[in-house]
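What follows are several structures.
You will see chain A twice below: alongside chain B first, and alongside chain C after that.
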Partner chain A sequence: MTVIKWNVRAGAYYDSVVLMQLQRGLLGLPGVADAGVVMATPANRDLLAANNLLPEAVTANPDDLLIVVKAESDASAEAAIGQVDELLARRKSSSVSQDFRPRSLSGAVKQLPEANWVLISVPGRYAAGVAREALELGKHVFLYSDNVSLEDEIALKKFAREKGLLVMGPDCGTAIINGIGLGFANRVRRGNIGVVGASGTGTQAVTAHIHELGGGISHAIGTGGRDLKSEVGAITAHQALDVLARDDQTKVIALISKPPSPNVATQLISAAQGTGKPVVIYFIGYPAPARKIGNLRFAISLSEAAELAVKIGDLRLETTKKSPISSLYLRGLFSGGTLAFEAMVGLQASLSPIYSNGPITPNQNLKDPLKSEAHSIIDLGDEFFMVGRLHPMIDNDLRIRRMKQEAADPEVGMILFDVVLGEGSHIDPAGELVPVIKEIREQRLVTSDLEFVAIVIGTSDDPQNLQSQVSVLEDAGVKVFRSTTEAMEYVSLRFSSKKKYEFTPVNLEQLKQSLAAINVGLESFYDSLTSQGAQAVHVEWKPPASGNEKMATLLAKMRK
Partner chain B sequence: MDIDTANQTATERLMSARPILKGIATARDVIPGMKDNLYLHAGPPIEWARMSGPLRGAIIGAMLFEGAAASEAEATSMVERGEVEFDSCHHHGTVGPMAGVTSASMKVYVVENAEHGNKSFSNLNEGYGKVLRYGAFSDDVLKKLRWMNDVLGTALADALAASNGIDMRALIAEALHMGDEGHNRNKAGSLLYLKLLAPLIAKTMRDSAAMSEVLQFIGDNALSVLNPVMAACKAMTDAAHGVDGSTIVTTMARNGTDFGIRVSGLGEKQWFTAPAEIPVGLFFSGFSQADANPDIGDSAITETAGIGGFAMATAPAIVTFVGGTPKDAINATLEMYEITAGESKFFTMPSLDFRGTPTGIDIRKVVELGITPRINTGIAHKNAGIGQVGAGLIRAPLSIFEQALLAYAEKYGL
Partner chain C sequence: MTVIKWNVRAGAYYDSVVLMQLQRGLLGLPGVADAGVVMATPANRDLLAANNLLPEAVTANPDDLLIVVKAESDASAEAAIGQVDELLARRKSSSVSQDFRPRSLSGAVKQLPEANWVLISVPGRYAAGVAREALELGKHVFLYSDNVSLEDEIALKKFAREKGLLVMGPDCGTAIINGIGLGFANRVRRGNIGVVGASGTGTQAVTAHIHELGGGISHAIGTGGRDLKSEVGAITAHQALDVLARDDQTKVIALISKPPSPNVATQLISAAQGTGKPVVIYFIGYPAPARKIGNLRFAISLSEAAELAVKIGDLRLETTKKSPISSLYLRGLFSGGTLAFEAMVGLQASLSPIYSNGPITPNQNLKDPLKSEAHSIIDLGDEFFMVGRLHPMIDNDLRIRRMKQEAADPEVGMILFDVVLGEGSHIDPAGELVPVIKEIREQRLVTSDLEFVAIVIGTSDDPQNLQSQVSVLEDAGVKVFRSTTEAMEYVSLRFSSKKKYEFTPVNLEQLKQSLAAINVGLESFYDSLTSQGAQAVHVEWKPPASGNEKMATLLAKMRK
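Showing the complex of A and B:
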């Protein structure tokens, strides 16, 4: 026969480590069968209920400390609850006369004015408020807390961007700034690889592997998992790329994320191209457009991302003399459906918006296959075009007419097409296409250059003779590739915008200073900072007005 | 309206006030609104029925001193017939330690704020043992009071009249560098006070036996300077009162029953009160926590002005009050920075690299952080006339800051 007793303490906030120690202390008392000590959040209540430690009569709010004891008798249960204060105090007795622990962020700033970073791990519903205060005080934020609303995240990041500050998070597990790990981070050597990570464990895996391979990390900047969603627009990732691009210590950048929104991916890739440094990109679960595009390398796993980053440390960047044609559009006119689809995969990340009659995602669907829009990849062998007509691999007529149609559009800068040789195909496709290309060139009214790029599939034994087909095309000024992959890299580079995103730059010098930080929330993060030799102040944080909603609301009004 | 700006104004006024001890005068001649049947007391206003033992004893003693009543019984029945009026010292620019009872014939210190022109007043300190401020009214208590009024009061009055006044801000600043925090410890300040007075007294007093008595009395009492210090703090905090929109506390005071505060941006006589708690502290031998009266006295005006418990870091000698080590004393002061709007420009602490003391309690910060002001205090016996039984620490009750916040919201339409 056991009894359950409980005690609710309104507005008494303790971090969970303390509560667990208290729980362990209670379990060691005579007659106690089980004990639970938690902040009474819904999740914690569920946990207690699962352990048969939540009698129905218990009423407690999320800000309340809930102590539940299951014991052999009323007396043992009462006695155990009576010990709570002593057990809490016992923890402190060893730390009498410790350094003063401020309760407010502003108090902490006075104590450690050189702190440029604030680590926040308070319960989610308070986290945005603390983060905003940190930004107002001019500090970068490492926001470990989760359950921060998307609206709050967007507002915080926009505010931070205006002030040239970083908000790493919410739900950011990992960062390494100037050799000091924030949150969960591995001890890795300093080096020349900068990491931008929208995934905490992803960043850990990559940085640890880089270390194992003999490389090192300059800075690893976390962004939080939602940064690469279109609503947030990768604000932090863009800032991080920009600051790492300016950092002399950083020679290579690795960009790690779970699948980003397509438009965000495009913008990030163009920002990565704009860094002028080798960038290894791994968008987990997002098809790599190519193995490499100019300064970009696309990895297919976390460990490969690390390997590539270490390997290309001293890569000399290829430079093209031609000025890019980023303001114009690409039109791809394919006879082979699979080649068209592979071109879409390769280009969707770097060309935006892009449409096709063989789209990868529904929003890429070209409304009218007869009319191209923006960047378009057309599969002319699609059955839509095949009614009463021979396949374009046999009959070039449709493609010739479409080529002229596209060339008449002054916004078109490049026409891409495939030439598939072999048995059954037209006997001289190059011979039919080249005169048209020449005619287009002569007749084009607009001054802008129009490039032609061809992917030729075939062998030297084919009836059309591969070599002669290629030279006829090349003589006509067509850039010829033997695979889609090579062609895609060329096309991506030609259209690369290296767009500069305008925002207040993050102060690089602050990243280079010895890290000094203020920790609000989990005490273990403070311990970890100090054990790494960083200067830190821990804020003895409690919910505003000890959780008194009315007072907290009033105070919020008075702050405006 | 910008609250931060209003608070800066209030705190700046508090800090820049320059209290000068100008002289000694009879209460009825100088205290605004003073009259023969009016008895001022410490803390927020309170009616006789709710007064604690020490306060009642002090009022009876003052009535005997005034000659208004011939006995305790007569005094009590006069009070009960409503022939006597009471009011808070604070409504009359006055402060007094413990019971703080001040009546018309008593000699009082006159302090003038040279910066803003306001005046403040405080009675003379009686020293230790059985004294009126702890509710004692026996014949020897009254005899000492008469000597203080006639001999000590006159000597001080003549001495101060022969001076240009004593700059209390400078005196406090110096004492803080000598181990005083200005509330529980006034040893250094009292000696500085004696040093300043001695030549003046020697110049003005003819009777050398009386002079010796006066100098001995001032020198023996390590609290001699407490009353002028309190009057100085009152002159400073009054200067900070009435700044529109400010949430800075301008009074903290206890009457032995209630703890009360006033706020700069709220009314002149608008008090927020809660039951005074019993201080926790160290007791003189023979006494224990069970003998302690609930918190009493206007001396929390020192904390309101940024010294006392707020300047604990500079008073290592009395760290046993806060836990035992100098670091605990420093932590006590660091904690008070969390709830204050500014740092004193004049009162600095060597142990904190001459940082200014935490000044200007902001009710918003108190409520937000749940940190209440620390007050160093003497502890009175709960029965009238026994006197001081110990000294210790008290914290202002949180609920009065919450009340003040609600009243502020109402007044300013939040």
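Showing the complex of A and C:
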């Protein structure tokens, strides 16, 4: 038989280290079988229940501290609960050995004026306030705290972007600035690979693996997991790519993230292309659009991202001379459904918005297969078109009509199509398509460029004569590729935007200075800063009005 | 000024070649500016409208033939419409030079008894009936027709599976059997690569590229695009993998498809593992789970699939000795959110169902993060768990409790976890986790195996001493990997099912015989069969009751 006793402390603030230590203290008491010390949020209550530590009679609010003890007897349970205050007081003395411990950010700044960084790991509901204060003081922010609202994140990042400051986070686990790890970071050699990490352990796995392979890190800049959502618009990632592009020490950039929103992906890919440095991209859980697009390399795993970043160092970048057609639209007219689908895979990250009657994700669905919108890839062999009609690989009529329709749209800059040779197919597709292409070129009234790009699938043994099909197309000025992959690389580059993302650039010199930082929150982060040889000040932080939210709101209003 | 005239022919059947020829004939007449000849389906009406060929006054049913002519004058429009009958009659005489043209499948079988294959390209609404007749006659079916219902596809394939026959399609564009292309197929060298293609032009692009690279094809078996949906269950793909596994000439298999349903993917991957041959898999538009898992290689493009298939020929396959634990479940307990997510990427294809509190697709969402279901990957550092609690990279309490919880479930066969070292992290995670693992091992009452697998992220310069962390884990019998990728390969192999998919095997000898086929539908497919040197008979097919559906249904009922 075990007995459960509990104690509720309303509205009091304790940091998570204190709670952990109290729980361990209780577990060490005689007769105690288990103990739980948590803020009584629904999730934490569920966790207690899962551990058989939540009697039905317990009532507590999410802001309350809930202490539960399971013991062998009534007496030992009572005794344990009775010792809570003593255990809280006995809390092992701080590891921070500062002579003077400032109680505010501004106090800490006076103590360490050269600090350019503020590390924040206070509970989520207080974190945005501390971060804003840090930005107002002109400091970059490493925001470890989670449970920060999206609205706060957006506001903080917009403010920081104006001031040329970085907000890494919220929920940013990892960064390495000028050789010093912030938050959770592996000890790695300095080197020429810069990392932009929208994922904490992703950055750790990649930087650690780079180190193992003999490579090194210039800076690893965290963004927080939501930075690449369209609401935030990858503000931090854009700042990070820009500052790493300007950093002479950085020769290669690795960009690691969960799949970004499509429009964000497109902007980021453009920005990565604009760095003029090799960029290894790994969008985790997203089909790789290609192995390479110009200066970009796409990885399919964290370890491969590290391997590519180390290998790619001395890559000589090709440059394209033609001016891109990024303000215009692509229209793909395919007879092969799979080729159309693979084109979508290759383009969905770099062209947005893109639609298709064979979409990969539902939001890419083209409402009316007969009418292209923005960038569109049409599978003309889809069932929709096929009742009582020959397949477009046999009869070119449908495609010829659609080509003319697309060419009449002044916003169209490129028409992409496939030519599939072989048994069963039309005996001379190029012979039927080329006159139309010439006619379109002659008749086009709009001044904008119209490029034609073809993917020719076939073998030299096919009945159509592969070589002559290719020549006829090329003679008509059609750019011919022999695989979707090669064609998609070309198309992506032609549409890559040179439009710059607008923001106040981050001061590169601040990144290059010996890192000095102010720590607000977990003391262990202060410890690891000093153990790495960085100058640091720890703030003896307490929540405003001792955690009383109403009072804190009042105080904040009075300060304005 | 142009004039539009039209003509509607109710309920008449014409094949698509006739319609194309009629349209071209009309376009060649004096004064005709444009013409459309279509079955009046909504899609085709829209197409006419898009080409300004559909006056509002036109009324026609989907089964009606609609002939529209746009001409310079009333007279030339009238004249053109007036010539429709003549043009239909003038239709260029058939290219089929058979002395005797059977009007039925059974008649064709009498003429060419050795034919094992029936190619069907009649309109969708008639195709299932012809296919069933072919199966009843014991023939494999190449079903080019589209617009066949999913129900018909399922019924046909189940019937075929019982009889050991293949139904390639519906909407199957391409196959190569014993050197002869069916439907649309490139002329490629014979060789040792077998292809299973759930996509038409995908198979063409891969086989053509293999040929270009000097490789060759044993057989390329099409399945139709819906075969890998869970409703159909990849019946044809399973039959194809099995027959290619048994075929001595096939040394490597390439499996090309749009993303299959998760449960289908899992079964197919198991079947591919069971072939005992190297299998190159390309699930188009799906993130590659890895570069390799045992005998499987994953490609990220059609051209890469071809390249891998050619390269992999002389690969020596590793064999695992341990018996798999496929009847049990995996539980992954991660401190790193990105590592958890990458684990999902690596496992979602080969383990199903799999759930997570950090799902890739919504259907993988774990309802209650506190309760695992089936295979589950839990990110214990998720915000949900983090209010008032230290991160699991600092405090192991949450993970230890969850490990015990998972171990108490007799259906759990493996616990996977990460150990992330570095600044900021717990100074001895292995030291805290190993005693728990030992305790679980000692106390576990259920007889089933319980494996522990760890991913250790860190460098030899990290404060925790990487090597000793690894040793402590390994000494406790934990299988340790240094990257998610390697760990996921191991996990996939441990859970790979040896359960055989049940069906009557396809007769391999029939595939090896010189191909002889009966063609029902497009004459051009007959032409290409004979031009490739295959024996073929073309059926002079007409729809039952000349396309009158009611009559056809009556006739079918009378036959029963």
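In this section, the second predicted complex is superposed on the first by the 458 of 560 C-alpha atoms of A that agree within 3 Å, B and C clash if a C-alpha of one lies under 4 Å from a C-alpha of the other, contacts with A are read in each partner's own complex, and residues count from 1 in each chain.
FYI, a residue touches a chain if its C-beta (ideal position, glycine included) is under 8 Å from a C-beta of that chain, and two chains touch if they have at least 3 such contacts.
Not measured: the values here are computed from a predicted model.
Look at A:480: by the touch rule set out above, it reaches neither chain B nor chain C. In the superposed model, A:130 makes contact with neither chain B nor chain C. The partner of chain A that touches more of its residues, comparing chain B with chain C, is C.
By the touch criterion stated above, A:104 is placed in contact with chain B alone, chain C being left untouched.
Contact with neither chain B nor chain C is seen for A:166 once the two complexes are overlaid on the shared chain. In the superposed model, A:397 makes contact with chain C only, not with chain B. In the superposition on chain A, A:343 makes contact with neither chain B nor chain C.
Within the superposed three-chain model, A:385 lies in touch with chain C and out of touch with chain B [touch as defined at top]. Shared interface residues of chain A, touching chain B in one complex and chain C in the other, do not exist.
Within the complex formed with chain A, the chain B residues making contact are 3, 247, 323-325, 327-328, 330-331, 334-335, 337-338, 364-365, 367-371, 402, 405-406, 409, 414.
Residues of chain C that touch chain A in their complex: 14, 16-17, 19-20, 23, 38-39, 41, 43-44, 46-47, 50-51, 62, 65, 123-124, 146-147, 171, 173, 181, 183-188, 199-202, 204-205, 208-209, 211-212, 225, 256, 258, 284-288, 290-291, 298, 300-304, 335-339, 341-342, 344-346, 360, 368-371, 381, 383-391, 393-395, 397-398, 401, 405, 418, 420-425, 457-459, 461-463, 482-486, 522, 524-525, 528, 531-532. Listing the residues of chain A that touch chain B in their complex gives 96-97, 99-100, 102-104, 107, 110-111, 542, 544-546, 548, 551-552, 554-555, 557-558.
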